[in-house]
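As written, the chain order gives the labels A, B, C and D, with residue 1 at the start of each chain.
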């Protein structure tokens, strides 16, 4: 029996025994190279469940909606850190969860496939993954070349929290600093950095897909939706888009687990993790903290040390 | 299309998004807790006053420039010359700002918008007006119109039932007092629980309606109030013999444009701003309960 | 705005968030001691530097402040024991983040000024004002800067 | 016929007379934008991520400006209407048809939208036949197709190294007569037919949408909306990508000494879209919002203006972060309606 089939049976068992009332996993989607989230309540439906490199969503983003319910979920390594983040912030209760943790070699990024082939994303019609290869029409690409950028320097292939696992442990990529893109940006002049930031956001639609795809963005009322005080106009003036993105990302300081779900969700292909990862890098550097590691740890902005970094103060 | 003269009486030639300028003339506290105020707006320009023709039940989009717009039913009657009144509860961004406005401030106005109470249908019939709490604004407009439009004799008996939690929350006290003095209208004021000094009725609107028992034969009823009040009043009306096509109400949904474009006030395929806000219960029966 | 279009007449506008117990009292002392400092700061008094939500700072830049200063009690002196320690973590990240996104270093600054340090308050304000003056009018995140451009 | 070589010079001539808007590569995306040089234009594309509806109905536009006197905004001025003669070049047939729906909303009925009308009336639509439909395309489910002329003023067809140019509306024919086009030889006509046949062959089998408007009214209280919407993360991507979605918000945007009333795209997918100031929300959950989206497009609009609020461009399918496929939603609607009909028939027996 395949490992996936074993997991399906386990999930069916959980559903039958009433350990969970709902399982959130992936099923095949209608768009090539992209699976779609699926919500299974009936044990007979578990055969819909799939796992491969097309399972790009971070399903932990759905968990706060089911607070108090008994829910099963499939998580990749990075997603599992988001679950820990949610546990840490009291958004989910461990006893209510049944977690299938996947050893994830990385998810495919259709944009990179398109870029490699030199065609627009929407022209990729006929594509599938076979082993280590992505086959698009007549052409074959190596899967590792078209993985999501963050997956290529991933250090969390293995799930950090789980009840059962799926897949073989993956060895971390030896090469590459996972913050190389941040260092590159830092090396630019202030004006160049601004141009980079502003140009990325020029494409923003303000659709809020990044916020809604993020497992840690679970505020009942986001600051952009507040009317008293009203911080935000729903206009796509550059400053409005910049304001939104600065504040949303900063609200994730010390909380972002770096799963990249926001970046993959963005319909405009904005490199949001280029900004968020600066916060992750700084939190690591200044406070030696990584989000989503330990559900018992105090998040870095809810604690302090008397000898914290103070050089920036006049 | 000119920048200076705009009204919506001929919508096809004008910009329906452009408000006319009104000057805030008078602000009146309507209830004891000061959360509801009436704003009397005077026309800044003579031609706007001439163009602005409305019927009870219609609404306007009221602007506080820099804050935004919000829709409010017109509380004055077309028979009251020189001003347009809106009675507004402090709730959101625009209403809070409006509550801070002072006489002399410039307020924007778009309208009148929407349909109105079915005056044609009402002629020759008894009129029953049932209101609860804050939702009495367009009902005031209707009652004043019925009494003052010079065609009082074209309507039958007028019965008004108006309830609030306590006496301090009944709006338009002067009007109510004046109506009570008249012989051509029956006014039943009620409060939920009795308080010392209150000599009128006590009880919830549905119960009072049952006591007053207006005659359903050849009558039209208009009910506006909190959803819970409407919910419990409707069975009473049915018991009294009112058919669904005899009962009208006014809906409030969130609106932006007020002219059937922006797509948020619809109830099923009907737009509250265009097809409403006044609907008969028979019409609402055909629509999903999305309000 | 008129004052940002004309370079010669331009005066930086600096918004200062001061904690009630130390820096605001320090500013008061600077005033009563008749110490000279640039008149470019507009002060908002808050109970504690810990009350300063990062959105206040970014919103200030958005609304057209050329610079933002946040000042609180020295470490260990917080009236609420640790408000400034929490604030320090937020500010460290925010300052580095804004600079990472291309906001010029110097636009957003932080200081500790106690109630007895009237002279120090004057120095801080002078330094921040001169830094911001050197940077010129704020261009990034500023809704009014765009209005002027158009 | 217009040879592809001659296109650049023709475009230069056109740009002397008109503002030309066409798909251009900008900030890393293909987007309909004002053309400054013919070289920027990309005509050989699947479809743009954002539809061209923004040409007539921009994502945000100032409608009114106000100035301050003393401490209050009270100087009110309408923003001048944009009547610039414009050629919108290179839209796909699906998008050309979407303008008919936008016309029905903004330029017909009791109130007319002057901002939309000014742009629309002064724009000529030059459609480029769609030679390579994608797997997300379903224009043919609406009885349309990649060579549908509806909504176009001028229609271009690829014929190898030339375009066949066809005036569809009088406005379009007038422009062509001003131009200098060669007559197409049979070889080009044959080539165009061949490309068209290839395009049509790429279309996947799909059930026609017509008739769905009759099934939807019975499904208002159906559990399918809950099932459909469960994976929806309530972003507005589908509505912003959609060429026919037209819901908007009106907000005042305040600067230091002036302000403007801005119309901005809004989305029925958002929680606060319909929420009253009191906190009451007539569409309290994502299921109600998906029902609204589906019913608005496939029941209310056909009922009110006689057109579907969908042209089958597939953008929402392509851009949805969770791949919630509107084609699947329609299949689900049919299945639910059939199930209800069967159940009803059983009861009658």
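We take it that a residue touches a chain if its C-beta (ideal position, glycine included) is under 8 Å from a C-beta of that chain, and two chains touch if they have at least 3 such contacts.
Owing to the predicted nature of the structure, the values given are computational and were not obtained by experimental measurement.
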Going by the contact rule set out at the top, which chains touch both subunit B and subunit D?
-> A
Where subunit C and subunit D are represented by their mean Cα positions, the distance between them in whole Å = 47
Whole-Å separation of chain centres (CA-atom averages), subunit A against subunit D | 31
Take the average of all CA coordinates in subunit A, do the same for subunit C, and state the distance between these two points in whole angstrom.
-> 35
Shared interface positions of subunit B, touching two or more other chains | 92
Which subunit A residues sit where two or more other chains touch them?
-> 237
Hunt down the residues of subunit C that sit against at least two other chains at once, touch-wise.
-> 143
Every chain pair in contact, whichever chains are involved | A-B, A-C, A-D, B-D, C-D
Under the touch definition given earlier, write down the residues of subunit D that touch subunit A in their complex.
-> 27-30, 45-47, 49-50, 59-60, 132, 134-136, 227, 230-231, 233-237, 240-241, 249, 251, 253, 262, 264, 266-267, 270-272, 314, 317-319, 321-325, 327-328
Residues of subunit C touching subunit A in the complex = 54-55, 58-59, 62, 75-76, 82, 85-86, 88-105, 109-112, 124, 127-128, 140-143, 146
Parts of subunit A lying in touch with subunit B, wherever the complex brings them together = 227-228, 230
Would you mind writing out the residues of subunit B in touch with subunit D in their complex?
-> 1, 3, 6, 11-12, 15-19, 21, 63, 65-70, 91-92, 95, 105-106, 108, 252-254, 256-257, 259-269, 274, 288, 290-291
Spell out the part of subunit C that touches subunit D in their complex, as residue ranges.
-> 1, 63-64, 143-144, 147
